[in-house]
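When the chains are written out, they are named A, B, C and D in that same order, and each has its own residue count from 1.
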């Protein structure tokens, strides 16, 4: 997050922070462990009223950013979600809203978008697949074939956020050499889902299988076979939102541990007075500031459609993915045994940083992507 | 190679060599005939997180039986003097037995901390009566022991004990709390380090006691770890009465006992009192990393191969380093404190190994289904990865010990040395908790 | 994005915006017409190790000329007041000039340390007369400056200065040795930190002087680095006489000057006094890592790709972090000491980048021929890799600063605080050397 | 090196250590930088008299180990070479001697072996090639073809140690599906060489080109096409010797830096009193002991032809290669600026650790090899 925000941005951030502190304090999060959705519908609906699903949607379609930089604004929400280890399908709903708002609407799509914006419907993004390469648009194998005036979907997506809460699924798949995106009602015959286990306490993921699922051609969002650029863009949005959320989780873990270091005495003096620990705090502070810096830069580049946007996004994915989890793990180490107990709060933030590190490309995969982009740029 | 290894071994056991061979043969025969063959991976990760309370109690009962059978066959307490019910043999015999034990069941829960450090401390510091009372039942599997050592908020400062023992005639009254005991809820007896004098510096006011775990005033609470495991307990002692005859070592001299106690704890796998399959010892069982790469569809990916190779490398180096340092310590060529070297290596390696597994799992590290086979739970193991660098003394403490006690560098400044323990600053939160 | 950037910029230059644009246009025109286009990689690694003494002197002479041409065209000292020969414009103008300079030659050797920190310190602490005497010739390329700051055996303890300045009427007599000066042998003047009082604590007995480098009593020795570079010098001062009028700041108040001096040194690339192509700034030019992978025949190897990607990642993050922190410092939102954050990052990243290059070079990192193109010298660069974490203040010092001055953690115990400097322990070897 | 040596081993080690201290003190090493060979012939001949080239040769062929564990003994020499950053073709000559002594001798081979043992001839091992895979026997591409009663060698080897000092070259190459080793007089037509630059001060390496070099078939050592096992074994010897040498260099760097830490005061107290530095010393000490342990284990396993020998060798190559250079680099960091000056001694040991890390497989390549071996063992 930037050192300086506009007044509107500051207000957006504070409103969400306050709401999260009230609605999902850490004690409540522990209770949500057993909740099938990981969150209450009413919690999400009220969040939507605060703008949680509308920032990436233009005003004329019912949304509106607060600063004109839509993704930068959205990262403020993601940051607070990270700081509070907050539940709710923030990523899927924002991506879906952005995609639906980005194309000329069919009647049905318009209804879904309105419900997304009001928080009364969740749309899950079915993008990644469980094989190597399944984290990139060009690696997708789920088939979306045209048969007469129907689209036929066949394949498997995982992990899919909040699939059982969703009214519709936004499915990205392959049509020959091109990509297509389709909005699929969850109750369409041939759609089945299986709950996954996850490291997170409140976010739920499903394997969603599409067994020759048939839909009218106008279920497609935009051109059949022409969605490559759209998918690449929404993937960039997603990676940046995950990075911003992880930065929030890092920041909270760091703050907690810094306080602990001043508070906790060993051998008659505070942990904060031990040089070896001090130096690790210096490293952590550096990773934290660097994570802020590169996430903000990536968000601004995507908003501005700058030509280095793809690179900055993967740099954020690689760096924040790597150092996010490393930072919170070092916080655990500094806490000692209590840092790995369920009763302590730290693991809530570790879970979030760990989960996000895996969702839209691991750090290693982002590094490979950066190398590809560098090679392209140089050739 | 063998001649050189023996030359380095220095156990002075040459006279027994023939006997050792005979003993080994007898052990092999008995083991094959009496013990179930098990896949060693059963013992990886020690106590499974998915046992119910009943299941775990059943396993403990079974291990007590197993220990009894070992005892009756003459294989319990191989290095324990005969007068306490042991076999009075040498470390070489224990090693031979451990070799023969490879691939078989054994009473895993009874080794640590019952045999080491508890039995080791009893043998070293116990009175004759204490030893005659407790060693035989320990060897028969009738007494499982536990160590009441760490305290909440104590961290690396083991001597900063706040549990107090106040003298009351011929007995002591203990109050306080202990933590990080493995399986205290199914154990019988415990060693306990308590503060008997608050008006002298930290290390000079401690005393060690032994006490039964099931008694009024001693409440045992199972701690839930973030992965759902309830391996560890916390104990709350409220006016627990201990007769002075259950004191170990002199009054206020508990730190002398404590230093050896922690030494025996560190040297667990080198202890001649511990029975376990030799092949199991320090291995992280990294062979499964190949399976992880395969399950992730990355067996041909050079980057994954480098990770698999690194995992195996850490495993092998860890084992060889332990071997080197324990041989050096046993031969008196390096000082005891050098045991912190393999401890540090293992702690760092354990963290890295879980990170490698998580890396190999890729996206499946974040979310998985039971169909994901070896990739299941790699993410949860990653969440727990620091335990290898925390449990049994942090890697930070190991680094202090190596730099100060092995390399002789200046000691870290303590703000609690040479002042009465009562006056030591305990920080804002500790202050609130402990007055 | 631009609107937000400007909102954060906080230079208060809005009134000049039109003018800045006009200035930028004028700069572009002049640069295109007058300055040679060069491949930015020429400036990577700063001073080549393979120049002969004559070649280097020729380059320095050429850069002086270049500076003169900048000056005559009205582009020298863009942010320096007009009364000292500068242009009296704003940091935005300097930035605009630096943008326009991309891809062109510039007087690289004259920027650091002449413009920053030396010129910056002169402008901040110099007397009116000192400024009128030295600033104009600096801007014309006639005076190249150097900093006599570090001392042999001084390491991170910059204030532990042993070079003494003894008062003798209206002048001072300096004795001692300074080290790690870049190109002192072709420079003209220097800032020098010396000890003027040995009977007060370390920081309270220092004074700053300026002095010409070519003079009797001042011997300059070029240090050979392990890679053959002779970039750095060591100076030996023997009864060097400095008039009191060449003192900067008050007597014994040299640390006040020194703190700002080091601040200007750290902020080099953010300094409005420094002229350099904006694109060159903090980049490690990692684009060449693709070429390394290709030259090693590993462009398709995923493991090599991960290394190339990591290199680029470090480069980009380094740049963005610098940008964030300098903007935060400029806007007064974080304190000056936070400059240690990007310094730490850069030092660690520089080490890692050279390691990555060495990894990519594989076997060619150990031995190579000129035919190996980009892989040549990767091994030598690896030998030198720690320089990025040592030069300009070690990463260890940066970590001290961040933990203590940014995070507010307790200061490291100093054994030299509050005692007369004369009594500070200097260790066995230092003791031998300095009595 | 083991904590305990036999008396004979101890004597071998001490004799060599003393000779190296006298013959090539660090001041002298700096002068050898300009020497074309990097060492004096007489230095090498006297070293041979101390046993430098004979440990891997059985007694009946004129050699003899001192403990019966030939490679373990040889690692003691290598260790001292590392501790002294000593010059001389220790690796090539020992490998060549071992190979020549391992096969039934032709008259010519017997003469060369005798001269190797006496130190009057150097034989350079031409094994690695400059392409990916050129560090492993199965990756070799230099062709050794049978044409009538001649062998024809064609290809390039690099880096080749001390090629210009050698009387003969031991060349490992490919004959169809098999490997062959040939002893090639350096003056054979078609052999050419080019000096390489290197990170080391005294070791010299060449690119050696074989342009359809013709030799009688009996120049082969052992079976034509049947040398795969031989080559694998000598590669194992080589990796272990390099590791042992690196351990010596690590140890010396560590000792120097430990002394420095006690000796050097900053802010009025010794470096050795700073916790952050103390902890790094603890890490270094751990890497050092671990390097000793795994190198000793690998040497013993090769000597005993144990079935895990190949794995232990690559573990030593991977671990010591990695942590050897890292340890000495951290020593440099602790020294500060003077640690990277030519005048300081530290770089002599850094050079050796750095060079060895590249010669017979980098750490990354050894890790890949370990993975192969693990996969083989499991299947």
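Assume a residue touches a chain if its C-beta (ideal position, glycine included) is under 8 Å from a C-beta of that chain, and two chains touch if they have at least 3 such contacts.
The shown structure was predicted, so the numbers you read here are calculated from the model rather than taken from an experiment.
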A-C against B-C, pair bridged by the larger set of C-beta contacts: A-C
From the C-alpha centres, identify the chain that is farthest from chain B. C
Report the inter-chain centroid distance for chain A and chain B in whole angstrom, where each centroid is the mean of the CA atoms. 42
For the pair chain B and chain C, the C-alpha centroid-to-centroid distance in angstrom is 53
At least two partner chains per residue is the criterion; list those residues in chain D. 269-270, 274-276, 278-279, 364
Any chance you could list the residues of chain B touching two or more other chains? 301-303, 306, 396, 399, 412-413
Write out the stretch or stretches of chain C touching chain B in their complex. 301-303, 306, 413
Flag every residue of chain A that touches chain C in the complex, lowest number first. 2-4, 6, 67-69, 72, 258, 261-262, 269-270, 272-273, 275, 278-279, 281-283, 285-286, 289-290, 292-294, 296-297, 300-301, 303-304, 306, 311-312, 314-315, 318-319, 364, 366-372, 374-375, 377-378
Given the complex with chain A, which residues does chain D contribute to the contact? 274-276, 278-279
Under the touch definition given earlier, write down the residues of chain A that touch chain B in their complex. 128, 130-132, 134-135, 158-159, 194, 196-200, 205, 207, 263-270, 274, 276-277, 325, 329, 332-333, 336-344, 347, 350-351, 354-359, 362, 364-365
Can you tell me which positions in chain C touch chain A when the two form their complex? 1, 3-4, 7-8, 287, 289-290, 293, 299, 302, 305-310, 312-313, 316-317, 320-321, 323-325, 327-328, 331, 333-334, 340-341, 344-345, 396, 398-404, 406-407, 409-410, 412
